[in-house]
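Remarks on the structure that follows.
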């Protein structure tokens, strides 16, 4: 059937007509097949240019429009809107760029004119093959799911809840607060960590928009932006948090004594326990691995505790394979229920925020520091617990055998900034090392502190002052080494001798009673598993890969999945909280209740009559937008996730994949015409 | 006045063929030319191809005997990659190849050669076809022929993936082992084949040997050429289609040469004639004396009769008995009677069936170890097998990455090219006297020509069964005097 | 009413398609009763003048196999077109050029030079070449002109339907014959086979991983071939994904990879280029030299990707080639 | 071969090289008009059939200009283009198309100079190679 094309040529003032024979173009265009009319205009993109265009299209009623002007990158959208206004489908239009890519760059006028003609011929042929495309949209679920209840996760959950969204906050542990819950003070203000967190945690616990899912991990994530279905594996806690008032009667009775992971095994806990006094929510949980009713019976920790002399033989014998109900009997509020089981919960959300925090690099890999062999060598997190009042020593600086140390050595950059281990700087170790020094100065000023550092990383408005302020303290000695890697610690009687080479190549030896290592921050244990579930890639060092290092730090390649805090990379609390807010902001901006999600129109589509499920395309899609329909045994493009890059269409060996608005036929036509 | 007879085109050829017969002033045959007007350049476009793809390229030379090219090409690759296939692989190849020879030979007799004898050389053309054969020997036999064909071709499909262009051959072995239940099925087919091959020989006896007129025709001088013969023999000089040395005997039957495949170039050379795309091989050490036979002409013949002339006997008992019976009837070795090709073909078919049965009953053939992976750097490889229509040679050269740099193929029928020309000319000369062209001429020319079962005469599959020829006889200034054609 | 007239003809063919017709075995008898053969060089008397004597379109359907290589073949193909209602391109050579189509990487000059000058077993001292016209003592002998390029049937005459395959499997032939006899035919130009690629029915498809990747290519003779796993997954080049379905995976079931004899689906214009795109896309390397190392390990991409379809490809043949 | 004006097709990706071409325009940098540009959303969309169609339709050279590795708007499209490019260039030599006639390069949105250099260099190289000579068919 005949297609009637209207061609509009813009002289762009004189920008185009200066270097191209415009009248030749008019004459040439009208000679082309399918061209109904050709109109010349001096400035189509101006207001009256656009009005003229709209009115003319309404008058002429062309089937297709070709606009010969400037770069589509500038005005394709403008003219599409004009077409929309004039009642013509905006995709029945092709633009020809004869300004930036012909007139302005070709000195020979007739050659420029020839080139312009070939582009017009190609555009007219291509536009006849264009098909009308309708804007597509889906309604979206405004609710969100946050993984990890650390500072970043709590901030995100809080902001979303305050905006009226339903938030599911999934936390692996039985308490919220993440790593920061373990700290006594935080730099630079030396503020008390729990005083800082408690208000936020309190709001989280009492906000009815937030459903807190503790002892829970993500099992499966299905769906896409606006329509995620998340399956959560909630492990049994055996204590009903509605009834329990946190009085603690139950855990006094429990005969089991095991190492408390919260204090990095520096203290003990019972089988039914609260990780630290003041943990929130203040509800104990029964640890199945050690409780005598469950796996802990006659093997495992109970045996270890007896062999370690923590409990007597008689106690050990007494509770072997007996139906121990001590905690339940002690509970006055009947809050303990042994029949509690793990359950799989399913939640529908529009967006997901992963704020799963960090781990510390394991220093035992570097034998020179003696971690794991020399008892008095601690990691920074272990030292945080020693200094914490809720910690194993009640905040007093004591060695493992409860003696006050005369001197403490702090070594920076353990495993950091080294191409064989972690080649990046974790940006916070210098600061918390100084914090330790400040705390020692405050609580045990007589202790001598050796700070063995390579470089100072103290960015931010307060942190240089924070460093300078400790310098006056007489009991601190800074040792500037070039490479912290070659500090060697050796047991010398009771003391630990630290051999290092300082900046002036001189050999130095200091001896200290306790050594604190500041290891690199690495991604959390479950980051790899989660990256697979969320289909978001891990960056070079294993942290979640952000959408763009500069412009999209909290989004990812999967629309609707955001990342925040140390899960995205090492950072301090301030930045983690900021990223939590940023991720929440992004989610709020996309998932507006009632508003529909507008989708890309120029996406790919697979014809199930031709697709043979050969699996070439599925793995190619960076957005995981192609899935297999198990019944029909064909590949299907999820147009919500598809960005229209066309990689799958070019690769599809059976030609069943089609890329709207950039179909193979359209491009073939352009190639043939442009070479005529 | 000069006359010229053109038989163009000869139908029922694999590919295209043309015969030109020139008469002298007395109307006798002065010269006959057999032209092949077609060429596809396989050797040239093999250059640049990976060597291991050749067993899937060369079968497209001929859809009638693709299995031959597939096996020969695979053997050339064994040589090229210096890799010895495991015993089970060799047995599988020979088993598949025997099934092919059995099917192809029997088809040739019943659908092509048969009509000339079963129905009689001078019978009207309309009868001289499979329908005529069925009428004579009965529908039940025809059914048996079709059944044998399908069963043998199913064996090849089972082992090679497909019967038209099988794919299982690889340097150092085969792509797929044989399952036990399939082996049992093949044993059944082989038994049926042996029985059928004996029956075919009985028919030949009743129909041909008991008929004096045919015997005279067979033994007569019209269909006789005293030429050299070439064929492959195993280490005890018995006929072997799959492997062995190439042996050449003189017209008197004395061993003239015996060579490994690798030395073929010392013995065979090819002439070129401007009037045919096909080349004409001859024995280099005897020399090219033109289209003549005899001791000092390098023209040699291949295919069934040649193989039996060259060998000291058949490797299987039943076939050996038939071998002896044939030569005693023909008056000793070597037999020069072209029509005896038919008889020799049936003896070979019996051998193929017996060999197929032997291999199928060999328990070791289902051994899963059917491949040795080559490790040597390839450079040159030559493979030879005996095709139904004669000795087939594949010769490849490659770079060290195994990419073909040169390929030389001497295709079975080509070896008989010169002989075919001579047979046609001799038959024509014996029949056309004084410009008088009798109706039997067409059939007699066919018999001379068809005995060789030339590859392009894949008339093995004639259903309505007749060799369509049209002969235009022109007077010396070229205008057509008479046209005799076969309806 | 009179039985429909049917013609079979072969151009630059190997005779395999003739065998495929006879392989219909018992079914061929049914066909023989239903139709009247006017031309079948393998089996029947053939006279140019008989075909010329027929009215235009008198032949119901002509099945033509083999590609076009000489003027004589082109002449007869054009004649049959004139005389036939329907023309069916039968088999890979007529449909997409077939394996002999690989000759389009060379030309007449190179072929003649090797066959009649350079081949090792040649004895041609006075450099004789076959001539279209040769005058001998007794008269003049002619040979048809040998073209520089192999053409598919539809590059020489208008073709109504295509029966793909080297050679077409018996079931496809029977379906085609029945469709023609009963008259319920798909639109003109259709390839009479499914329009999905081979993976659709391939038993090895279930072994394919979610993300198809190839780290290293292997040639079939270099490794033992796993009879269960998808070939591409073993690093073996198999043209299945870019080849039309319908052959019953006869090569793959013989544990050898597909070489694409059914041609591409209707949605692809150049089978070789499309397969290259799919294969290259799943190479598991992102750095320039790593990619180069892996692509260089693919032996003869043009020969393998255009194993059957060079004449039907967009470029059809090699550009100007010197000797 | 001085007066030979090669015809070259250039596939440019919308986000980087096409923008680079526009940048060259805004900066009024002149370059030879031999390259006919075809815009695609990503070099990952470029089907080897496009390249071959260009040579079939009479191009003497084909260029693919995409985003620098790592900058692709769609993450990995340019890597797929790089993979296809190497295999396709190798195959095209078997069709008698010299390697210099098919080129892939990276031009970012701001590299106006590199765009002009790449175009001019390509035109010069193809001019030296001369037109792509077709074989006579029959």
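Think of it as A, B, C and D in the order they're written, each chain with its own count starting at 1.
Keep this in mind: a contact is a pair of C-beta atoms (placed from the backbone, for glycine too) under 8 Å apart; a residue touches a chain by one contact, two chains touch by 3 or more.
Because the structure is predicted, anything quoted here is derived from the model rather than measured.
Engineer: Starting at chain A, what is the smallest number of hops through touching chains needed to reach chain B?
Structural biologist: 2
Engineer: Report the most central chain, judged by the distance from each chain's C-alpha mean to the global C-alpha mean.
Structural biologist: Checking distances from each chain centre to the full centroid gives C.
Engineer: For chain A versus chain D, what separation do you get between their C-alpha means, in angstrom?
Structural biologist: That pair's centroid distance is 38 Å.
Engineer: Could you please state the distance in Å, as a whole number, between where the Cα atoms of chain B are centred and where those of chain C are centred?
Structural biologist: So the centre of chain B lies 26 Å away from the centre of chain C.
Engineer: Using mean C-alpha positions as chain centres, tell me how far chain B is from chain D in Å, no decimals.
Structural biologist: Chain B and chain D have C-alpha centres separated by 55 Å.
Engineer: Can you pull out the residues of chain D that are in contact with at least two other chains?
Structural biologist: Where chain D meets two or more other chains at a single residue, that happens at 47-49, 53, 80, 84, 94.
Engineer: Chain B: which residues touch two or more other chains?
Structural biologist: 48
Engineer: For chain A, give me the residues that contact two or more of the other chains.
Structural biologist: Residues 620, 647, 650-651, 668 of chain A each touch two or more of the other chains.
Engineer: Which chains touch which?
Structural biologist: A-C, A-D, B-C, C-D
Engineer: Flag every residue of chain C that touches chain D in the complex, lowest number first.
Structural biologist: 105, 107, 145, 147-149, 151, 268-270, 272-274, 276-277, 279-281, 283, 285-286, 288, 291-292, 295-296, 298, 300-303, 305, 313-315, 317-321
Engineer: Sort out for me which residues of chain A touch chain D in the complex.
Structural biologist: The contact residues of chain A facing chain D are 71-73, 97, 99-102, 104-108, 111-112, 114-115, 118-119, 122, 557, 602, 620, 622-623, 643-647, 649-651, 659, 662, 664, 667-668, 670-672, 674-676.
Engineer: Can you list the residues on chain B that touch chain C in the complex?
Structural biologist: Interface residues on chain B, with respect to chain C: 2, 4, 9, 11-16, 20, 22, 30-31, 33, 35, 37-45, 47-53, 56-57, 59-64, 66, 77, 81, 146, 149-150, 153, 157, 159-168, 170-172, 175-176, 264-265, 268-277, 279, 281-282, 284, 288, 371, 373-374, 395, 401-403, 406, 408, 410, 456, 458-459, 461-466, 468, 470, 478, 485-487.
Engineer: Chain B touches which residues of chain C in the complex?
Structural biologist: It comes out as residues 12-20, 22-23, 25-26, 28, 32, 37, 41-47, 69-70, 72, 98-100, 102-103, 105-106, 110-111, 114-116, 119-124, 128-131, 134, 136-139, 141, 143-144, 146, 166-167, 219-225, 227, 250-251, 253-256, 259, 299-300, 303-304, 307.
Engineer: Can you check the complex and tell me which residues of chain D touch chain C?
Structural biologist: Residues of chain D touching chain C: 47-49, 51-53, 55-56, 69, 79-80, 82-84, 86-88, 90-91, 94-97, 132-138.
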